[in-house]
Amino acid sequence: MAVVFQRTAGLTDAETHYCPGCTHGIVHRLVGEVLVELGVLDRAIAVIPVGCATLAYDYFNCDVQQAAHGRAPAVATGIRRVLPDRVVFAYQGDGDLASIGTAEIVHAAHRSENITVIFINNAIYGMTGGQMAPTTLVGQKTTTSPLGRDPRLAGEPIRIAEMLAQIPGASFVERVACDSPPHVKAAKRVIRRAFETQLAGEGFALVEVLSTCPTNWGLEPVDALAWVRDHMIPYYPLGNLRDPKKDAAARGGVRPEE
Amino acid sequence: MAVVFQRTAGLTDAETHYCPGCTHGIVHRLVGEVLVELGVLDRAIAVIPVGCATLAYDYFNCDVQQAAHGRAPAVATGIRRVLPDRVVFAYQGDGDLASIGTAEIVHAAHRSENITVIFINNAIYGMTGGQMAPTTLVGQKTTTSPLGRDPRLAGEPIRIAEMLAQIPGASFVERVACDSPPHVKAAKRVIRRAFETQLAGEGFALVEVLSTCPTNWGLEPVDALAWVRDHMIPYYPLGNLRDPKKDAAARGGVRPEE
Amino acid sequence: MARVLMKGNEAVGAAAIAAGCRHYFGYPITPQSELLEYMSVHLPKVGGVFLQSESEVAAINMCYGAAGAGARVMTGSSSPGIALMQEGISYLAGAELPSVIVNIVRGGPGLGGIQPAQSDYHQSTRGGGDGDYKLLVYAPSTVQEMAELVALAFDKADEYRNPVMIVGDGMLGQIMEPVEIVERPPDPALPPKTWATTGTRDHPGSRSIINSLFLKPEVLEHHILDLFAKYERMREREVLVEEYRVEDADLVVVAYGTTARIVKSAIAALAAEGVRVGLIRPITLFPFPAESLRRLPDRVANLLVVEMSMGQMIDDVRIANEGRRTVHFLGRTGGMIPLPQVIADTVRHILAEHHAGDVPHVSVGDEKGGR
Amino acid sequence: MARVLMKGNEAVGAAAIAAGCRHYFGYPITPQSELLEYMSVHLPKVGGVFLQSESEVAAINMCYGAAGAGARVMTGSSSPGIALMQEGISYLAGAELPSVIVNIVRGGPGLGGIQPAQSDYHQSTRGGGDGDYKLLVYAPSTVQEMAELVALAFDKADEYRNPVMIVGDGMLGQIMEPVEIVERPPDPALPPKTWATTGTRDHPGSRSIINSLFLKPEVLEHHILDLFAKYERMREREVLVEEYRVEDADLVVVAYGTTARIVKSAIAALAAEGVRVGLIRPITLFPFPAESLRRLPDRVANLLVVEMSMGQMIDDVRIANEGRRTVHFLGRTGGMIPLPQVIADTVRHILAEHHAGDVPHVSVGDEKGGR
Amino acid sequence: MAKGRVAFDRDLCKGCGLCVSVCPEHMLELDTATINRKGYHPAHVVEGREDDCIGCALCAVMCPDQVITVEKF
Amino acid sequence: MAKGRVAFDRDLCKGCGLCVSVCPEHMLELDTATINRKGYHPAHVVEGREDDCIGCALCAVMCPDQVITVEKF
Amino acid sequence: MHNERIIIAGFGGQGILTMGQLLAQAALDEGRQVTWLPSYGPAMRGGTANCNVIVDDAPIASPVVHGDATSVLIMNVPSMKFVADLVPGGFALINTSMVNTRVERTDVRAFYVPATELAVAAGDLKTTNLVMLGAFTEMTHCVGSASVLHALEAKLGGAKAHLMDANRRAFALGAEAIAAQEGAAHRPTEPSVPR
Amino acid sequence: MHNERIIIAGFGGQGILTMGQLLAQAALDEGRQVTWLPSYGPAMRGGTANCNVIVDDAPIASPVVHGDATSVLIMNVPSMKFVADLVPGGFALINTSMVNTRVERTDVRAFYVPATELAVAAGDLKTTNLVMLGAFTEMTHCVGSASVLHALEAKLGGAKAHLMDANRRAFALGAEAIAAQEGAAHRPTEPSVPR
């Protein structure tokens, strides 16, 4: 008999304030598990955003800095440049990262800051009550797109992973989802890979996680998972866009660690 | 006997403050010529940046708004949304657009604002005395990369055109250069095409122009042209990355205007 | 239009539309988001443009573009978002662009909290942006007044070619009260915006330029002197203030916004005991109603400033007071609201113990008696 | 180290490095860029990190991260760039992060100009960011003093866990003067930064958290009261002021920064005529040396405030003065520099015409006599 | 014989039902008869189905609130 | 016979030499004997080469300061 | 005519804020002065919610009800703390389906209504707030029943008109539950607090 | 020992700011008090440049020289306006290679030196500023020649040491040009302006 699943030490015992079924909780757990499994929890520093995860300083069981809205990559840069041997990651929502924080994430990638970014794309502004995000799907109703997102007024949703993957410094970029157990398990492997990129000193790594916001989507949690599968994944294809492993292979294996 | 080349009415008679041989002057002229040739000078509104072109309100022979550093796309958006039938363009440097104004340019593209952006990539901050830009080449010496740009500290230079081309709303994106008469002539055709995109209501259009800054590069003007050819073009390949024409063709000609 | 129940945030939106505002650029933030949401629903219905910007920085610069193009334009946010707009606001002032900016203030500093506060007074009245400039600043205290001041703000913005700020605390944004929204098209006496970059030349060769750069210091100074002549006109003509029961008062309270309403409840309670307390309620924070303080009856030996902050307006009270009366302070901050009971207690205490010249009574963030 | 000729901007950098600063994040802007450039050359030589950020917004937030991680960190900019930092500065204050911010002030509003000014006084002393907070603000007047105050700033930032601002005008950034840079490692009496997120747990389960969010208003208020207790300690202990020839003065000028130097030239000229003029030069703008004004000899009936602005520090002078003396003002703005000749004329004029209680003499941006 | 066992820390449960939806054995449900400390109907094993658990932990993988511990035999 | 003609508005010239560098006829040079109103040695046609101009306007295309007018016959 | 200073409190999602708005709208329709002040927080579910409603004849100064409530409506256990805000003689209305403790103060009047159960009886668990409103109206006669129901009708509008019946039933059941108890609506017209 | 308040002015690129720095460094090396205040602007070429240098024995209050200059060094036509800043008895030094007008004021002393031509003679056009400095030093004896040359040597450093010779020649030619004129270095030690 063996315990095959239990609470991770990567998170504190605090109960989260997240709504029932919100996948922020799942991603928190995956990050916590990965930190523990990589043995780096004790030297990890989290940078948390403004958004529903803004209270995550109570959850991640490591040092935490709460950053201004959108500025987590800049804050993480500050930490990284002071403490080159720690594990630094930023956790950001899509309003935070893809809207107000666009410059900061682009330039963290551009500099290839040796940090890991977990990017929660739930196609909406959760904390402030369901306004449109740059990632909101066409036709999706939000409190600021009451008739559904109109691409003629607001443009078509932005694919952050694809955009960042164009930046030379973006060493690792992959999109995952939280809508089903296999996808969650895959997400964990990818998050691990993103931290390994940092540990190998290979530079900027970002994992975009397609997530739910049952509350502001106005869906039951289970239906929200289905919405990710049926609507988000088709527009935001899962998969790896940049990986030092692949890149090294493409270049003939010059990267030292492979 | 025919006059085959003379001053354009698209620019005022003011003498520019640009340094000898600075290609800002060439690009100004191309924009002025295109506005005249398209017959839209009288309904054009320019948005000018903070950078060496910050005094261009004296040069473009149309209405002009001087925008805060990096915010020209937001200012142009404000104008565009008030005056849907005018011709609105932003003229920005690489510090302005690729550094401080990253969020604004990405989101103007994202919304597919129906504006034209002329992006002067001279691989440096001109006006403030030659600091490193995100576009500064590896090894290039500037006043803030005194030993040459080190990609381990500052990342590898960003290719803005490629990055923006990933955004669905970026309808027209092309890179040109100012280093030789054929390239200048081609640049004019491309700038014209970018304005035509706007006139056809096809959304966001951007032309990246590889330019010189003889003063801060510490080169004679003619040598600066050679530097564009020998160092910039190899890293920043010229060519079209997005065009509604091509895109429509690829989609089977569904765009109305083709 | 009849009186309807509306949130303060919604009333701002409705009043703006009724005043001919057709362009809104903004970014979500609690406790202001209902304004944004109201605009997203209602502006398109009247052919207007609502655009959710990528950030507050972008929002204020979109306002700049739109205002420069001649439109009646508005943006709104709450404290941290307004902090981000400071450079843009300074540009608006420098380029003399009419625009209305709404700050539904919450507690700071930093991310702070989301409950009501008045701790952005300095930022609003003295400029958090760079350089010498002023905004015309309105501080309504009811939803109805907020609606009326919003309408006024658009006219004044156009009249002075200056950004105008509406400062409401989170309470005023969230409260619902009956309000009558009156259609109020732009004052026909306003001059045409010939300076705007409308892309239409009056005559060939005439161009409009919107700009705040003046590399020659003598030119920039001249420009600033012109701006300050304008601010001086505002000081002469635009002061709004409510003087409430000051004629026979033993003590006068100075408070604005919802805090002033709470003070009124305290005044009523004190009146029932025979204690006569007056209220000076600045409705314009800039220009500050210094005259109202100066011409108070001689019998008023004590002033009590009540703010939802650690004391910011008190600077303007002190400057106007010039040492004539003892200035006391009662402040709650970080989202705490001073209660009428506490205000009344403070007044009783001052009247019992203090006379002009005494050390002022400072009571900030007492542990009890706030909400 | 011997006295060497250095630009003010360079001396800031050298002094910071001598004070143990090893991290600089910043963005170019005239007239401050030499600081950035100095750091790009010299920080790597001592194993430090220079990073040109993508913007001032990023720079101040990098400072936040680095300060939170326990480093001695600095950023610098000039007026519009500092305006952009306001949200970040408010966060630094809210999260109590020690850091040094240099503002080499130029004329505003908006893009304004690039010549020297003092028109960011309000922004520095009252917060252009959101909420109730204060910075410790130093205003040096020579390059040597700037170097010394930078060193002090790092210690004070650590001591109070508060951002400290150095305010110099463009002149002070650009001027070269002999300066001696003294190695000045962190004061050994400073407590260890146990609060920093260094990613090293003191004991298992102990975590450090850097944060400015307090959703519960009572908790946020408590936090702000703690901050203000700290600011009160600064008021008690940190005031720096130069009182120059005030003992036997007929009139006292209040001026800071390079303006104060120009005033001294005027004082020398007046002294030659037998006119006795004193100078109060605030070295800390917050805390403001109000006491120095209060305890002036009774014979001083007139104060003259001289600023390179339309009058900002004058607010603090008026608040401290409480109506006791007549406060006059002489200001130049937008990059214009008040000349000793004009200052001397103004003093002569005041002494000839005014006595306590008269209407103050206001002379702003006179067409002649500035540079 | 049961191949696995699940245990719920039921006061942590927010009744979102994600675990219920993914259990391949369909052996979980929300306990509508109970309201936990947080005010939710917590998830539990359908009465009598305890032995059907295969210990696959899919329920736990999807639980956002770390309510579930899984053992495998 | 000349195929073209170039004219320089010489007080506008900043002496950058771009026109000189691109003229296929190599018929332009900076006039080091002259300093114009702006303080530069302006470009001009090498003495005696006036008739070599082919009116290709390449010089004008590269001139950042609109100094050059070109006619073609 | 009653002048009331009301606190309504419970879990988020129980329709707390709507209750207050209906009351406020009803009062407005009756030509009274009214303010409605909500608690507000982040969008996340599961927190507590409350609002202050003041109905008066004179213009309302402070919109805050704190320590001077004439009525409190309580929908969950944590909200029992608001009983302390009642003035002597004030009314507490408790939803006993959610709250199993009693009011300890003896200087106030407590009314107990199993509102959730009555709502289920009315045909829809979601009408619990209407049960409470019915009870409150009967308890205080602060506003007329017709005004509340009218306000609700206006709020539901066309699309949700079918919900009106259950709500109407719920409202009536709440009123009946109070009518059956003694002491309701007998409070002096003018509450004994300064306003 | 002279106390001097100097304005140096000309085109950007003529080494105006460097001239001031060399003077300031020389003064510092001689143990004097000194300030050097440049004009500054955007990076674009072609504008005018000037700087104020004050050399004194007492600490220097205002670093601005305006209307109270004891010397002006003029390298282009537009800079002739600075002659107006001279105190009576002040010295104007004009580079006649660039300026073909004469000083009109009669209450100041003007010196004319064909500095550019002398620089060419010294072997490098770019040493024009050293010609001017040589002339100025001879004219005022404000600092010693050796100090200026020493400052230049330090500034050029190793890599550019080969330029030293031409500069030295230029400096000497400037000094000679003045020595040949009458009236230099005869100004009273203490300028008649308040400092």
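Going by the order they are written in, the chains are A, B, C, D, E, F, G and H; count residues from 1 in each one.
Here, a contact is a pair of C-beta atoms (placed from the backbone, for glycine too) under 8 Å apart; a residue touches a chain by one contact, two chains touch by 3 or more.
No experiment lies behind these values; they were computed from the predicted model shown.
Peer 1: Along the graph of touching chains, what's the shortest path length in steps from chain E to chain H?
Peer 2: 3
Peer 1: Could you let me know which interface, A-C or B-F, is made of more C-beta pairs in contact?
Peer 2: Answer by contact count: B-F.
Peer 1: If you average the CA atoms of chain B and of chain D, how far apart do the two points sit, in angstrom?
Peer 2: Centres of chain B and chain D (C-alpha means) sit 39 Å apart.
Peer 1: Rounded to the nearest whole Å, what is the centre-to-centre distance of chain C and chain D, using the mean of the C-alpha atoms as each centre?
Peer 2: 28
Peer 1: With chain centres taken as the means of their Cα atoms, state the distance from chain F to chain G in Å.
Peer 2: Using C-alpha averages as centres, the distance is 88 Å.
Peer 1: Go ahead and note the Å separation of the Cα centroids belonging to chain D and chain H.
Peer 2: For chain D versus chain H, the centre distance works out to 34 Å.
Peer 1: Among the residues of chain H, which are close enough to touch at least two other chains?
Peer 2: 41-42, 46, in rising order.
Peer 1: Residues of chain F that contact two or more other chains, please.
Peer 2: 14, 38
Peer 1: Give me the residues of chain B that touch two or more other chains.
Peer 2: Chain B, residues with two or more chain partners: 18-20, 54, 66, 68, 99-100, 102-103, 106-107, 110-111, 127-129, 134, 153-154.
Peer 1: Going by the touch rule stated at the top, which chains touch which?
Peer 2: Listed by label, chains in contact pair as A-B, A-C, A-D, A-E, A-G, B-C, B-D, B-F, B-H, C-D, C-G, D-H, E-G, F-H.
Peer 1: Write out the stretch or stretches of chain B touching chain C in their complex.
Peer 2: Residue positions touching the partner: 42-45, 47, 54-55, 57, 61-68, 71, 74-83, 86-88, 103-104, 106-107, 110-111.
Peer 1: Please output the residues of chain G touching chain C within their complex, sorted ascending.
Peer 2: The contact residues of chain G facing chain C are 21, 24-25, 28, 33-38, 40-42, 60-64, 66-68, 194-195.
Peer 1: Tell me, which parts of chain D touch chain C in their complex?
Peer 2: 57, 79-80, 82-84, 86-87, 90-95, 105-115, 117, 119-120, 122-123, 126-133, 211-225, 227-228, 309-310, 312, 315, 318-319, 321-324, 332-336, 364-365, 370
Peer 1: Provide the residue numbers of chain D that touch chain A in the complex, in ascending order.
Peer 2: Its residues touching chain A are 23, 25, 49, 51, 53-55, 57-59, 61-71, 73, 87-88, 91, 95, 197-201, 204-205, 207-213, 215.
Peer 1: Report the residues of chain A in contact with chain E in the complex, numbered from low to high.
Peer 2: Residues 1-8, 11, 15-16, 18-26, 29, 180-181, 184-185, 214, 220-222, 225.
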